[in-house]
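See the structures that follow.
Shared between the two complexes below is subunit A, which pairs with subunit B and subunit C, respectively.
Moving on, here comes the complex of A and B:
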């Protein structure tokens, strides 16, 4: 019962803070640019507003358009319930390991791309094509990072990877971890459609990847898509922060330590969100055909991380 | 036995499908004869117990499938493809015979029973291994011996393509498994490594060529190459374990390969039947002419989408389970204490990840272009749902895809019985826990998934979201046309095209495709005022070009030799004859002791 409660708390934390993290990144960017900015709570207001609006559905749309937003959100939620925040007892740690984590997320991407093509609009097709290309190119590097951690800890179960890393501390394979972190940053930027790969702030044809696919979405469909993309970003940040900063009150069940664990997690995740904002204000978007270079770079970093582990 | 199960499952579904599909052909009785004999010959191949009967039934199978490929023989392209097919198959058979001969010379028997753990030298083993790999590899379609596959599959009738891709090429896998696990034992580790390497290269290149196709059936044919690659990865990793004395892991990796074999038969059969239904109604294989079929053929589209998700290895369907097994066995491979293996196996795993992602991209393209959006041509606008038997055939396979994905433990139990004689250990209990609810790696702590649990969680979340939206959201829906950036013209051609969809990947990996792009002005149109131009792009398979080049060189070499001898002057021919006679006489007198 206690484990179930802890699992539920972790799941709700991940879902609840995701709009906050999005707002936080935006706020940091505004601050660095010297702009006045929307409130950090804007994400919650957006979701509420979109839920209250009616849907405008294309008359060319089929049932794919109706189910895709749900499947995208469900796949994100399932992966969210794999991921430990401050305790290894997650809701679904028994049903899937880190390979399933990647593939369940891929199911969401698959339906998102189908949604893009469903209305017969050229924009959607363009977005789907680019999204699938980028996702495909990011995949080998991601799998390489996963393999490195699976080898270091001798398991592919996310909860056990986290538990073992927290036991052993950061010092076990420091160089390998640094390279893996760099690779994971690049992957996270690509998978979440962040700056050098895709610009989440514009609706121009030249920069559109993620935004192009959901161009036709409106009302609650758009709300579901938005919240899933925010949760996905939070998932990657949690993964990175819990693997690379393995300190803090982990796996303790007294009430005070749970509260402290949550606070510590929040500090960690906000620290990890800052680099994304920094990259976004300091770099221009890459030309689309330069993205493979970036992805290859990520793969090479992951490979170095693996080789260093064996040395 | 296990392979017979695969053959029978697919044959049943395809046969039901065929009942409706037959309307396509003029000569129905001939087709029925060829078709049933083809299925029988596949079974014969699997149950043959010595090399001689095996070769005979193998040839029967090849020839019958050749006749089925060229069944619509009036089309020139079909005959050409059929010719390449029969040529490559016989090349493969030649290598198989070579390999059998090596085994025969070394064991003195043609019976497969006497070949078990044959006690032969390492050199002989090496050659038997290589020849078997080339011979059966040709049939299975590994790179670079695959060139017949993307030619023969598209021109064959769709139900035959389903059988050829689903089970015929699996007979090659069946024999490879027997060869490498029963006949050749005590193999060095790099045998397995070679198979693993070939498997991963086939998988990656297969899917990349598939991505560039817009002929639906050719695309599926390239995906067969990809899946054979994934199966070979499982076999290779299992061989690595065998040569390092780890029977439990070997059983696990072989389970991955055989599970994927079954899954591939199911979803590839389903996809070919789906493609056949679309073809049946639209009479074109060109994806650029499809579109909007999801509304006209709802059930076919649903089955096709199920097949696509399975082949893209996404949960909760069957492809995911077998690919998860493959990943886990690759991970276990790193426990083998050989540096080359430890460094390269993760690279192979990343190649598998890339393969899976490309497969997903490819099927987003297929579904998006063929089934979603508006119809792009008159033919697809007039398409209607296919007949009941065709739907039943596809439905059986689709349901099996789901069942295999959700209850993999039961299936794995059956397979582990099949592999028990090969590795000596039954691993059925090592891979499941909690009464079959959770599927684990051979070591419980190493990794575990529960497809059923995932599905239940998904349903709970779906209900949760639905209730939340009903409570807080606005559930009004207004229908309106798609936003087209201010254009008011409804032009189906303005939709994204299949060529456009895969263009980024074509451009990134241009080395593999050697694209030739050109812009052609349409004739009888003014050049500057309202010009009408066509964009053409031609992609090619680099390996096909390479093989064509090599055979070309070889042929011209033969012709050059012929040129020396065949001069056309009768004196010189007479000279050759007397020269030959003299040499033979000298040979007989001097070397064979005077002719007696």
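Moving on, here comes the complex of A and C:
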């Protein structure tokens, strides 16, 4: 019963802070550019506003357009319930390991791409094809990073991986970890459509990827897509911060340790959000045909981290 | 976290930025990457200085910072502005394959140095394969790129690798040797800059491929 409560708390915290993380990254970028900026709570207002509006679907849309937003959200929520946030008791960790984590996320990406093509607009198809290219290139690198940690800890269960890394203290394989961290940063930027790969700030640009797929979405559908993409970013940040700064994930379930765990988690995740903002303001968007090079860079780093651990 | 782990961590960053050098196709970005790479080299040397307590190493770290993080990048930026060429358009091997070859080089150097037995006290053992990898990457940049500036950057990367190996395995070479190396590298970069400018004025390009047309 206790474990169930903690699992639920972790799940709700992860979902609840995801618009805040997005607002925070935006705020940091505005601050560094010297702009005036929307409030850090803007994400919640956007979701509230969109939920009240009606859905307009294209007349070419089939049933896929009706179910896709829900499948994308549900697959993201399921992965969120796999992931230990500040305690190793998660809601669904007994059902899926870290490989399931990757592929349930990929299911969401797949339905997002289908949604883009289903609306019958030219932009959606472009966005879908680009998104699938990037996802296909990012996946092997992500699997390599994950296998590195599965090998180090001897298990593929996410909770156990995290618990063992936290037991060992700061990583005992520094070189392997640094390479894995850099690879994970590149993959996170690509998978979440952040700056060197895709620009999350514009809606009208020929080169957009994620925004092109959801260009036709409106009302509640758009709200679901937006919140799914924010949760996905938060998932990657949580994964990175818990693997690479293994402090504050407690095995105990006392009240004080849970509160401390939450505080540590919030500090860590906001610290990990800052590099993303820094990369975004300091880099221009890459030409689309340069993206495979970036993904190869990530793949090579991940491969080195895996093999260096072995040698 | 012990001090040798800190040194390994910092030198892993030096290697990452050496690989990023392969990724870049803009000259400005390459020079910036070199500056950051040298900055991490400085950090690594300072950590070794704290660990071993040799006063020489502090001066080495300071000189590395002044020459490699500030002066050489500044010179190269001015050179790029002067010759007005900003991009490495077509290397001999395209960037994708170059990156994969780099990965193989790194793994090869880790495999190779497994068999090497270093006698005596070693500060951080894992830094040795990293520095071998950086040396190999430097050589690879020198042979796979066409533009003279990237070839200089390959040479400077190679030199960083030697520096890293020297400081991490032997706690630094004799001070007079290091001073010699620093001025060698600095004057080398300076002269290469002048030579590139000369190539630019006689060929309207800094493609070293075109030097093969210098026949009678």
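As a convention for this text, the second predicted complex is superposed on the first by the 308 of 311 C-alpha atoms of A that agree within 3 Å, B and C clash if a C-alpha of one lies under 4 Å from a C-alpha of the other, contacts with A are read in each partner's own complex, and residues count from 1 in each chain.
Convention: contacts are C-beta pairs under 8 Å (C-beta built on N, C-alpha and C of every residue); 3 or more make two chains touch, one makes a residue touch a chain.
Owing to the predicted nature of the structure, the values given are computational and were not obtained by experimental measurement.
Chemist: With the two complexes overlaid on their shared chain, look at subunit A and say whether subunit B and subunit C clash or fit.
Modeler: After superposition on subunit A, which the two structures share, subunit B sits beside subunit C with no clash.
Chemist: Should A:174 be classified as contacting the first partner (subunit B), the second (subunit C), both, or neither?
Modeler: second
Chemist: A:256 in the overlay: touching subunit B, subunit C, both, or neither? Say first, second, both or neither.
Modeler: Neither: A:256 stays clear of subunit B and subunit C.
Chemist: I'd like to know which partner A:292 touches here: subunit B for first, subunit C for second, both or neither.
Modeler: both
Chemist: If you stack the two complexes on chain A, which partner ends up touching A:1: first (subunit B), second (subunit C), both, or neither?
Modeler: It touches nothing on subunit B or subunit C.
Chemist: Which partner does A:130 reach: the first (subunit B), the second (subunit C), both, or neither?
Modeler: In the superposition, A:130 contacts subunit B only.
Chemist: Taking the superposition as given, does A:81 touch the first partner, subunit B, the second, subunit C, both, or neither?
Modeler: first
Chemist: Using centres of C-alpha atoms, tell me the angle at subunit A that subunit B and subunit C span after the overlay, to the nearest 10°.
Modeler: Seen from the centre of subunit A, the opening angle is 90 degrees.
Chemist: Applying the document's definition of touch, where does A:182 land relative to subunit B and subunit C: first, second, both, or neither?
Modeler: It touches subunit C, and subunit B stays clear.
Chemist: Given the touch rule stated above, what does A:303 touch, subunit B (first), subunit C (second), both, or neither?
Modeler: Once the two structures are laid over each other on A, A:303 reaches both partners.
Chemist: Smallest separation in Å between any Cα of subunit B and any Cα of subunit C in the superposed model?
Modeler: Least C-alpha distance after superposition: 10 Å.
Chemist: Determine where on subunit A the residues touched by subunit B overlap those touched by subunit C, and list them.
Modeler: 292, 299, 303, 307
Chemist: Where on subunit A does subunit C make contact in their complex?
Modeler: Of all residues in subunit A, those touching subunit C are 169-170, 172, 174-175, 178-179, 182, 290, 292-294, 296-297, 299-301, 303-304, 307-308, 311.
Chemist: What does subunit C use to touch subunit A in their complex?
Modeler: Against subunit A, the touching part of subunit C is residues 1, 5-6, 8-9, 12-13, 16, 19-20, 23, 25, 95-96, 99-100, 102-103, 106-107, 110-111, 114, 126, 130.
Chemist: In their shared complex, at which residues does subunit A touch subunit B?
Modeler: The touching residues are 51-60, 62-64, 70, 73-75, 77-78, 81, 91-92, 94-100, 102-104, 106-107, 109-110, 113-114, 116-126, 128-130, 132-133, 135-137, 139-144, 147-148, 150-151, 154-157, 160, 215-216, 219-220, 223-224, 288-289, 292, 299, 303, 306-307, 310.
Chemist: Given the complex with subunit A, which residues does subunit B contribute to the contact?
Modeler: Going through subunit B, the ones touching subunit A are 291-292, 294-295, 309, 312-315, 320, 323-324, 327-328, 331, 334, 339, 342-343, 346-347, 349-354, 356-358, 360-361, 363-365, 367-369, 371-374, 438, 441, 445-450, 453-454, 457-458, 461-462, 465-466, 469, 472-485, 492, 494-497, 500-505, 507-508.
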